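Two complexes come next, and they have one chain in common, chain A, joined by chain B in the first and chain C in the second.
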Partner chain A sequence: MQNTILKLYKKAFQQAWPAWLGGILLGLLNVLEFAFKKPWGITTSESRWTGWFLYALDVQIDKAPQWLYYQQYKTLINPPLLDSGTLIDMGIIAGALISALLAYDFKLRVPAKKSRLAQGFIGGVLMGYGARLAMGCNIGGFFSAIPQLAFNGWVFFIGLLIGGYIGAKLVVKL
Partner chain B sequence: MKVLKPDRKLDLRGEVCPYPVIYTLKELDKMKSGEILEVITDHLPATENVPAAVKKKGHEVLELSKISVGTFRILVKKR
Partner chain C sequence: MKLKQPMLGLIALTLIFIIIAIYTYVGLIELGIFLLFGLAYGIVLERSRFCFASSFRDLFITKDARLARGVAAGILVATIGFSILMISGIRSAKVLPVGFHTLIGGILFGFGMVLAGGCASGTLFRIGEGYVTLWFALLGTLTGMILLAATWPFLWYNYIKYQPKIWLVDYLGWGGAIALTISLILIYYIIVTLWEKR
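For the complex of A and B:
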């Protein structure tokens, strides 16, 4: 009995799930999110974080014309902790933490090569800039767009292939 | 049980994809046939893609084990 439970625990929490199972679950969860509010997205809310930060510094993002972006994306319509996208983003981080803890895999990892930190930072800036330029990241602009038969999802896909090719050539040299 | 003694060691802790695969293959290139390489990684995806990449090149994976929290050891025998 004890052995069976231990085996099940290992299978459910310590070993990687097959990719197809993860895919089906992500698809179903996205349908659920669509039914409740809107399809899954990540970076629209992340860009609101910058808006809230500026607002906290007394920048008039709700009025000044140069901050039209934050007005169009209704940054101040909800406080941060009532913004559904922000809650989902935080939920992802919390869920990943729980899953790493359950699998005994949680560990602070620091690259020996310090240039990796700069690489991560520059990559992050490019991702943030690109996600706003494309009005969505891999999730909102691709994973959520294609099931809705949104044409922009396929255009995004072509860009992703080209960018992925260039990135793969570049990253092995760093 | 026979204890396997690695000829070379590669500590890749802190490195994430694609570097564990790249460094492992580069190190194997420098080794002689039959020699054993020990790879230490704390990047979970590397426990799948490092064995897959070395098998594809015809090398043999002798061992894949968890040595401490979130840290793994992979033993590869060069073809």
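For the complex of A and C:
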């Protein structure tokens, strides 16, 4: 009995699951979340974090016309602990941490080349700008958009292929 | 240290369930369920190392299509499930304005995620795994969002506001929209598989 449990544990937490299984499970979770309330998304709430940050610095994001973005996305309607998307995002970090710990696999991984950190930051800036320009990221604008039968999901997908191709050609040279 | 990790994992898991219990107790069970969804996404993403950035990068660098097929499989499952929910009228689609901003946003995002080594979801789950580079990626993402918000009125009033929301069902009906979507996903699946074998 104990052996069976140990074996199952090893299978679930010490070997990586195949990509097809991950994809199908994420698709199913997305269906469940849509049935529950709304499709999966990540960056709308992340952009609210930046609004809260600016608001804390006394920037009038609720009134000033130049901060239209934050008004359109109802940034101040809920405090952080009541924002459902923030709970999803925090849950993802917590879930990944827990799952890495259960697999003996958590480690503070500092890259050997410090330039990788700058590469991460610059890549992040482009992602943040691009996701909100398109009004959705690889989840809300793609993984959840195509299943909603929305044309914008396919256009974003073509963008991802072009950008991903250019990015791949560049990173092999770095 | 190494033996302690699963213990810490169980403690963290307990903490999350206590937080969910608190949300439920104060009458906000819906938020507790969202946290639970996040937890489930995080576990699946981490266990299967499911990263959209890698799915495109691997395709172009090592010609490994496993993740690309996983992405296609996930979208296929969601398309079937979402369609059932939408046809039965339980949920309705939220369609976004589509135009050059969608394409350029996709290019910037696609380039940025490969450069950073993680997409929006990949960044979050790798933060949980302890990858310091992705902490910088998240910081960059938030910075990029402030830049976008600062330029948003210009983009919105001059362009995005006028772009159409195109829902395939309005043009092709349910059958046509679902058939086209599923066919395109299968075509992508087949193309990446052939590309891998080349």
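The criterion applied here is as follows: the second predicted complex is superposed on the first by the 174 of 174 C-alpha atoms of A that agree within 3 Å, B and C clash if a C-alpha of one lies under 4 Å from a C-alpha of the other, contacts with A are read in each partner's own complex, and residues count from 1 in each chain.
One rule holds in what follows: a residue touches a chain if its C-beta (ideal position, glycine included) is under 8 Å from a C-beta of that chain, and two chains touch if they have at least 3 such contacts.
Note that the structure is a prediction, hence the values are computed from the model and not measured.
K.L.:
Once chain A from each complex is brought into register, does chain C clash with chain B or fit beside it?
P.N.:
Chain B and chain C fit side by side in the superposed model.
K.L.:
Tell me the contact category for A:Ile88 with respect to chain B and chain C: first, second, both or neither.
P.N.:
A:Ile88: touches chain C, not chain B.
K.L.:
Of chain B and chain C, which one touches more of chain A's residues?
P.N.:
Counting residues of chain A touched by each partner, the higher count goes to C.
K.L.:
Which partner does A:Ala112 contact after superposing on A: first (chain B), second (chain C), both, neither?
P.N.:
Once the two structures are laid over each other on A, A:Ala112 reaches chain B alone.
K.L.:
Applying the document's definition of touch, where does A:Leu97 land relative to chain B and chain C: first, second, both, or neither?
P.N.:
second
K.L.:
With the two complexes superposed on chain A, say which partner A:Thr44 touches: chain B (first), chain C (second), both, or neither.
P.N.:
A:Thr44 contacts neither chain B nor chain C.
K.L.:
Please provide the least distance in Å between a C-alpha atom of chain B and a C-alpha atom of chain C in the combined superposition.
P.N.:
The answer is 6 Å, the least C-alpha separation in the overlay.
K.L.:
Just which bits of chain A does chain B share with chain C as contact spots?
P.N.:
16, 100, 104-107, 109-111, 116, 168, 171-172
K.L.:
Could you please specify the touching residues of chain B with respect to chain A in the complex?
P.N.:
The touching residues are 11, 13-16, 18, 22, 42-44, 48, 66, 69-71.
K.L.:
Which residues, counting only chain A, touch chain C once they are in their complex?
P.N.:
Going through chain A, the ones touching chain C are 12-13, 16-40, 42-43, 46-47, 49-51, 53-54, 65-70, 72, 81-82, 84-85, 87-111, 116-139, 141-152, 154-172.
K.L.:
Going by the contact rule set out above, which residues of chain C touch chain A in the complex?
P.N.:
Touch list, chain C to chain A: 2, 5-6, 8-10, 12-13, 16, 28, 30-31, 33-50, 52-53, 56-57, 59-61, 66-67, 69-79, 81-83, 85-86, 90-91, 93-98, 101-121, 123-150, 152-153, 155-156, 160, 165-169, 177-178, 181, 184-185.
K.L.:
Name, in rising order, each residue of chain A that touches chain B in their complex.
P.N.:
Spelled out, the residues of chain A in touch with chain B are 16, 100, 104-107, 109-113, 116, 168, 171-172.
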